[in-house]
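Down below are the structures I want you to see.
Two complexes are shown next, each including chain A; its partner changes from chain B in the first to chain C in the second.
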Partner chain A sequence: MEDIAIVGVAQTKFEREKRDLNYAELVYGVVTELFEKTGATHQDVDNIVTASSDFWDGRTISSMAIQSAVGAYMKSESKVSSDGTLALLYGAMRILSGQFKTTLVVAHSKGSEGAPNLIANAAFDPVYQRQLGIDFHVASALQARAYMQKYGLTEQDVALVSVKNLANAKKNPYAQVAGDFTVDDVMNSGYLAEPIKTLDASPISDGACAVLLAHADVASRFTDKPVWLKGVGHCQDGYYLGDRDLTTSPALAAAARRAYQMASIDDPLKQLDVAEIYDAYSYQELMWTEALGFCQPGEGVQLLKSGVTAINGSLPVNPSGGLLAAHAFLAAGLVRVIECVLQLRGEAGEHQIPHAKTALAHGSFGFCGQTHCVWILSAER
Partner chain B sequence: MSEEIIVHRTALSIPYAWAAGRHATRFYREIAEHRKLFGTRCPRCQRVLFPARKACSRCFTETTDWVEVGPRGTVTSFTVVHYAEPQIQPLPPPLAYALIQLDGADTAFIHLVSEVNVAEIKTGMRVEAVFAESPQGNILDVKFFKPITQG
Partner chain C sequence: MPKNVAIIASGQTNHTSRRKDVNIPEMIREAVDRALTDAELTIDDIDAVVIGNMEHFEGINLSDMWASEGSGAVMKPCMKIATGGTTGTSVAAGAYYHCASGLFDTVLAIGWEKLSESDTTAGIITAFDPIVERLTLAGAIGGLAIEANLYMTTYGLSQEHFAKAAVMARKNAQNNPHAHLKHDLTVEMVLNSPMIAYPIHYLDMCPTSDGACAVIFASEDRARRLCPRPAWIKAAVCRHNHPYIGDVWWDRSTLESAAIEAYKIAGITNPRKELDVIELYDPASYALVAWIQHLHICGPGEGGKLIDDGSITMEGDIPVNPSGGVISTNPIGATALIRVAEAALQIQGKAGARQVEGAKTALATGFGGSYWNEVFILSDRL
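This part shows the complex of A and B:
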């Protein structure tokens, strides 16, 4: 990949309801914060890519309402209605086109303002599925059970993911849910859709985030600590859940393979220093670590229990707390990228992984990980 | 100054009229007229895809044969839902959904499981379709699946 760097990042604190700011104001706040941090001005931004959803915002053309908030007046702005990691991919491709030197990538969501289960239900096709009343929890619960049964995992095994990540989140000032929870706390948190309990599921969050991408020619204008895009892979699984083997994620494995190849990663467990992955539900962290090649299929739980993915382990996974700590829809994947950037710049504060040089950020979209995007980021060009 | 923020509460209500297409129309007509479930076979990978559809999701190939499947099948995963979402859920909680692999089909699909103590649902359980008395041309023309008590 031609050299493109992330030269600045900003994110809001994630909260259940951010009523002080309407969603355009929320976006304006995060973009102005990014400009303050980088010294970039509105004039420095060549073009803008945003990630948001008409359904979640409850309006047609969700990007229209944030045009002025991202400074898009008389500029090129285009929207991705999918995870923010894909907006980053689109933004990087615009720089690769040779037409632009900088791209501002912004994602936002206020999950508190819609009805998440009804919005999720509307993602199922009206011909064969929607009237069944299924939603994200139902789809994920079917995947969780299929996966857990295949490898003989207990609900207590899976609860360890929440215990780890919510404790990590105590050190992340942007997190929404954090604390010293025990396996029993998770077990007693009440079933949503069996085997998924409240503390196995990511919260509904309001928040926004922004990333400034720059071509190597101009990166030094904005920072002396650029973070370089070293590899990316993106792949889709099937749409109908019944067509898939839900116990495995060949699409994530394929996305990871492409990203690793581009970044010359042969042994991710050894070569990566930190990973931020899209654990919308606790069991997903186990499945995704397997698909990312950190361990063999079915061994995600052993990897977790061995302490490798703990914040002081050899490959910390979600030291920020991940999605279980905050899940602003569509923004959550781009937040994973931002957390990796903070780690690689040594700016992650209390959840800093010492000497992190190479990081993996993972975003996902759709039911049970239908689409995946994997980024490899490095402090070194 | 501590002022309560104004919150605009409203709802979008937009009617749609989604054409089901020829394949789904025939699928629902077979239920309405014969109480039969059909999938379609992909000529390339030979999988019988259920519910019936025009093209194979993997091979990008048009399906050819119509194949009767079920009405019996096997639960490959299931969940019991404990929250109420009355605008979308067809039954009150606790309600059960399962991934069901119908006999003769190569794909599973999601449907309701009812007429059962939800605590007794298990993977591997044999179930059969219960058809609605007056079909409407949608997926609830199969009202739900129920356990096969014998045979």
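This part shows the complex of A and C:
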């Protein structure tokens, strides 16, 4: 994977509702910003990969609405209907094939225009599960409860993730939810589905983001600070919640194994300088740090309490605030990649991790983390 | 240059209007099992899965997740790609790039749709802008009727030419055990069938089908080891149009642009001579007549002549849609992948009664959305 670099990134500020922008305008904004930052024009873009959802957009072929905004006219565009980290992977594959030198990768979502619980409910089996009214909150509550019970965690333990990440988010100008919350604030924020409370759950966001990928041959045309793709892995778990051991994530572990192997990482806790991971719910950050091999199963909470994952710890996790600070569906994973790029370029501003050289970005899709994608990025080729 | 990739096997369900005996994962599993049997592989030999359908049609969000057990994606890398009518060719391109990138060696591409559980036209309408276009473009048919009409009047063709194409396609379908509509039609029957949107009659139009298609792609080494006669991918090209139908350049075809690029990549200078068979994504019968000119099989407006003289029939010099095409079979998310699978079957000599003798080079297309197109060229040799 040494041949491909991220040469430019752009993201919107994430907000609960962007009433003044339709999908095309939202996307046009980030693409224009990306072009301004890199000096690229549409002529420099060989092909395009987008990530969006027909359900969230309320439009079949959700990519059609943004076709002009991404400059797809008389070009090849394809839509990955999954997390933006997988769109990035497809974009990289197209360059690795030798057919293209650059890929524009764009993800967008407007959670404000849909009914989130109905959209989530439509992902469940129509015969056995949908009538139960199950949605992402309910499914995640089952997972949170199973995980907490297995390792004897309290709701206060889990709340510490929200306290950490929402405080980090104060330093991130793109964040939607941020603040100095206490464990009591989280505990008193009201149950969405017991044991998950409002401040344990990621918000609903409107926003978009864009990444320009380039082959090493042309990368220097767009930036003097390329960030190199060093490793990637993705893996999908089974569908039925009852078929899975929800207290663990073998799919994330498998994805991480592949990414680590490709990037020659055998001790992630030591070799990584920063990680941006897909904490759609606070408990998930604990579970995912375990599956990523930062600690042993069940020890995510000790890792958190020891301060290792704090913004000034030895492996800061979600210095941007993560998904708890902003969650534009499908774009959220690609935003993790973008945050890692900012860290590796030393452009993360107030939430900059000093001397970050190697970063991990994680995306996920499906309920209770059914599918995962792990990226290893480096400032050095 | 891209790494070489081939199709080594494929499997299809027997497409029909209503599969009540299987749910969606079971229907997908049927196609996957047939592809694995064709390849003499098991699911353990598959490195990654690329899958697609149109989620609005069946009303299933995250359909790739739900399909896991049927697709065989459990504990494997899996990616969902969905681009409307082109979903099948986009999935094929996805599987192609999985292998061409060098990241994966054996990749399963799956397209499916169970349109009996869908209100397809209602689903298609939502592709268009809710304020400017949704109220005036009735699903897929409105835009197709505009183009058919424009083609007819520009080149002075008649509805009989389109009806002849429909008769030919449904006749070809009789040779295809997987095809949905296999009627013995006459031109009169097509012309006397109800008018849906002028000049497209009911029997000119594609059906809605239940079905799935699975195709196995492999890197060069793996393909040579696993398959005695792989169908090599020589070119995979996609071209997009403007998203608003009012902006679409009807005379500047994305199909033509994609075909020209694909011919260049594949080193084809005389497509009429060098191609042995074409699997064209024909959403309505007029497309069979009109779009072959974009593939440079004939000059502008000469499609009618090719219909009249039999050039594109099974007995002609360049058979188009031996499978019966889209107007005989249309499980939308699978439809364009079926074109690629059928082209591969022709190259592999496994097309049975619909085999074009000695087919060595084949072209397959996918069509979707606001008149965008994808073109694949397959060959028996590298």
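We take it that the second predicted complex is superposed on the first by the 380 of 381 C-alpha atoms of A that agree within 3 Å, B and C clash if a C-alpha of one lies under 4 Å from a C-alpha of the other, contacts with A are read in each partner's own complex, and residues count from 1 in each chain.
As a convention for this text, a contact is a pair of C-beta atoms (placed from the backbone, for glycine too) under 8 Å apart; a residue touches a chain by one contact, two chains touch by 3 or more.
On a predicted model such as this, the values are computed, not experimentally measured, just so you know.
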| item | value |
| --- | --- |
| Which of chain B and chain C A:E77 touches, first, second, both or neither | second |
| Which of chain B and chain C A:G58 touches, first, second, both or neither | both |
| Which of chain B and chain C A:Y239 touches, first, second, both or neither | both |
| Superposed model, chain A: greater residue contact from chain B or chain C | C |
| Partner chain in contact with A:L132 - chain B first, chain C second, else both or neither | first |
| Chain B versus chain C as contact partner of A:S68, first or second or both or neither | second |
| Those residues of chain A which chain B touches in one complex and chain C touches in the other | 58, 126-127, 238-239 |
| Partner chain A, residues of chain B touching it in the complex | 5, 7, 12, 16, 18, 20-21, 24, 49-51, 57-58, 76-83, 85, 87-90, 95, 97-99, 107-112, 123, 138-140 |
| Interface residues, chain A side, partner chain C - complex | 53-55, 58-61, 63-68, 72-82, 86, 89-90, 92-94, 96-99, 119-120, 122-123, 125-127, 232-239, 250-251, 254-255, 365-367, 370-371 |
| Of chain A, residues touching chain B in the complex | 19-20, 58, 115, 117-118, 121, 126-135, 137-139, 141-143, 145-146, 149, 190-196, 238-243, 246 |
| For the chain C and chain A complex, residues of the former touching the latter | 1-3, 23, 49, 52, 54-57, 59-62, 64-69, 73-84, 90, 93-94, 96-98, 100-103, 123-124, 126-127, 129-130, 237-243, 254, 257, 368-370 |
